[in-house]
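Chain nomenclature is as follows: A, B, C and D, assigned in order of appearance, with residue numbering initiated at 1 for each chain independently.
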Amino acid sequence: VTSGRADADLPRHAAYVAIVGPAVAREPALSQAREVGELFARAGALVLCGGLGGVMEAACRGARAAGGITVGLLPGADRAAGNPHLTVALATGLGELRNGLLVRCADVVVGVGGGWGTLSELALARRVGVPVVLLGSWRVRAPAGAGDEGELGAPARSPRRAVELALAAAAGR
Amino acid sequence: VTSGRADADLPRHAAYVAIVGPAVAREPALSQAREVGELFARAGALVLCGGLGGVMEAACRGARAAGGITVGLLPGADRAAGNPHLTVALATGLGELRNGLLVRCADVVVGVGGGWGTLSELALARRVGVPVVLLGSWRVRAPAGAGDEGELGAPARSPRRAVELALAAAAGR
Amino acid sequence: VTSGRADADLPRHAAYVAIVGPAVAREPALSQAREVGELFARAGALVLCGGLGGVMEAACRGARAAGGITVGLLPGADRAAGNPHLTVALATGLGELRNGLLVRCADVVVGVGGGWGTLSELALARRVGVPVVLLGSWRVRAPAGAGDEGELGAPARSPRRAVELALAAAAGR
Amino acid sequence: VTSGRADADLPRHAAYVAIVGPAVAREPALSQAREVGELFARAGALVLCGGLGGVMEAACRGARAAGGITVGLLPGADRAAGNPHLTVALATGLGELRNGLLVRCADVVVGVGGGWGTLSELALARRVGVPVVLLGSWRVRAPAGAGDEGELGAPARSPRRAVELALAAAAGR
């Protein structure tokens, strides 16, 4: 077990992907999040999320089902609040500031479904240059003269397409 | 100077108000931000901002002109990057995570002008229940079924109205 | 008040000084903290602290008595927890992580009295190269071979000497 | 792969253990850190660290050799700065504030070797009530009257003993 080749099997994740969406969600967001998580795991990506329920839990469930690694950055200080499909649950105690940490640690952010917290994360990613992919999520365009023209992110019509767009964007960074 | 009454003149700020907007801005946003800052200072409010130029600097200029106190939470680690109208410049080194800190320290957030960073701050405030007032800023409405229906914030047509709305909202918390 | 020269009186603080020490403290730490705060304010320095009682409150009381500006970075999310001698109270909600923020925003750190939180702040300052002055506080020396030899900070025998050492160190950065 | 039993193999980590120590270290700290990491992994604990070299890398190497999961909270914004034995590398961009995050996410902290950053983390853990175990690390005692009497942590004479003490402390929380 302690041979020199110990890390021969170390996963080299293709990308760190943040999947963001509300903790209370409905169909089709939940099924979409699960499929997105599964496809990312199959592609060798690591799934980051806010660690709670709803879209976050569905994404982790999908990723774990495909053998992937999932990391939750929880807002509170209690690890037990994490959903049951997290490989790693970090109880940051940062409250909503953990959203910024999540964006910072990711190569690409995929929004599934709505909610104001989700919009905050997506807009922050857009601001700092982390690519954004949208699946049934916010569609917002900067007002003319904002100095930051354009769309919030690239819309996708299916989980498969969202994953393709996200992995291409992550590879291009 | 060291009498027991030393704090008799301690300012008891009516409210802590965050003014958010882009570092590169045009008219009318700059004039509006300056007027908003001045009106808040006259009302005894403390002005918080991200500490940089554009809307942030204009708001601080107005507040200082009226004798107010201004606090900048800078993203970088260099205090010298703060605009010249800050009473207190805190070089947080937190990058864009300082946006979340700004929202957290405020009783109300006023958005002046656009930009993705501004949207991120406003959406975060909306998410955590800090009242949002909008002056020539983002107009966004949650999609049906997002679980978080409604508008991003209360629109105002003038600096005077924005300040009235903000102080009323801060007092009501 | 709103003339173009509005900022002619803008304070250009000589230094940003963090005074750290326990929230529950005894004499002589309290008197020393008060005197240190007062001397810093007279020298035109801005006083930063953790915003709570004990050494933090005493330092703010002294600084305010001399007309200085005091800023408290509170661990919790409730501004009302701040001591009554704060010009600015920022309820960071960061818990003990606000200690790192305090060190980062300061040009020099003065430790008054003991406690583990205080040691944590002083060691962090030492680590990141912010000068440390000690007044009745921890005396710790790195073990040989730690790669980081030396003392935790410069010991001072009186508040006056602590302030002299701190302002000299801040000016030399 | 997507069966209902997908999480049957989900690791339920016995404990989240932070191993802290300097990025530039010598023997015996490096061998000790490696052995500590390996023993923790065998016991089913997840290893957290600051993600860089020296003691951090040695601990991860040991843990990975025993099939464990390692998580690095890097100070910078570049994931590539992480050591090669990390299962998950989070580029927090928080600088030294990531030390506080590390302590917060852990059930117990083990210090191996010296350095001021290490002392800062250990004192912070002591402050917030996370148990501390020391292996060839700082030996510090609170001064009388500090209100926080006692030792920094429990000293261990061997990696095996450090792991025993740490797992017992984590289980007792």
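Throughout what follows, contacts are C-beta pairs under 8 Å (C-beta built on N, C-alpha and C of every residue); 3 or more make two chains touch, one makes a residue touch a chain.
What you are looking at is a predicted structure, and each value in this text was computed from that prediction instead of being measured.
Chemist: Would you kindly say which chain has the C-alpha centre located farthest from the C-alpha centre of subunit A?
Modeler: For subunit A, the chain whose C-alpha mean is farthest off is C.
Chemist: Could you see whether A-C or C-D has the larger number of C-beta contact pairs?
Modeler: Between the two chain pairs, C-D has more contacting C-beta pairs.
Chemist: Taking each chain's centre as the mean position of its Cα atoms, how many Å separate subunit C from subunit D?
Modeler: Whole-Å distance between the two chain centres: 30.
Chemist: Measuring centre to centre with CA averages, how many angstrom lie between subunit A and subunit C?
Modeler: From the centre of subunit A to the centre of subunit C is 40 Å.
Chemist: At least two partner chains per residue is the criterion; list those residues in subunit D.
Modeler: 77, 93-95, 97, 101, 104
Chemist: Flag every residue of subunit C that touches subunit B in the complex, lowest number first.
Modeler: The contact residues of subunit C facing subunit B are 1-3, 6-7, 10-11, 16, 38, 46, 61-62, 64-67, 69, 71, 77, 79, 84-85, 87-88, 90-94, 101, 104-105.
Chemist: Across the complex, what residues on subunit D touch subunit B?
Modeler: Residues of subunit D touching subunit B: 77, 93-95, 97.
Chemist: Residues of subunit B touching subunit A in their complex?
Modeler: 22, 24-26, 95-97, 99-101, 103-104, 113-117, 119-121, 123-124, 126-128, 138, 140, 142-143, 145-148, 152
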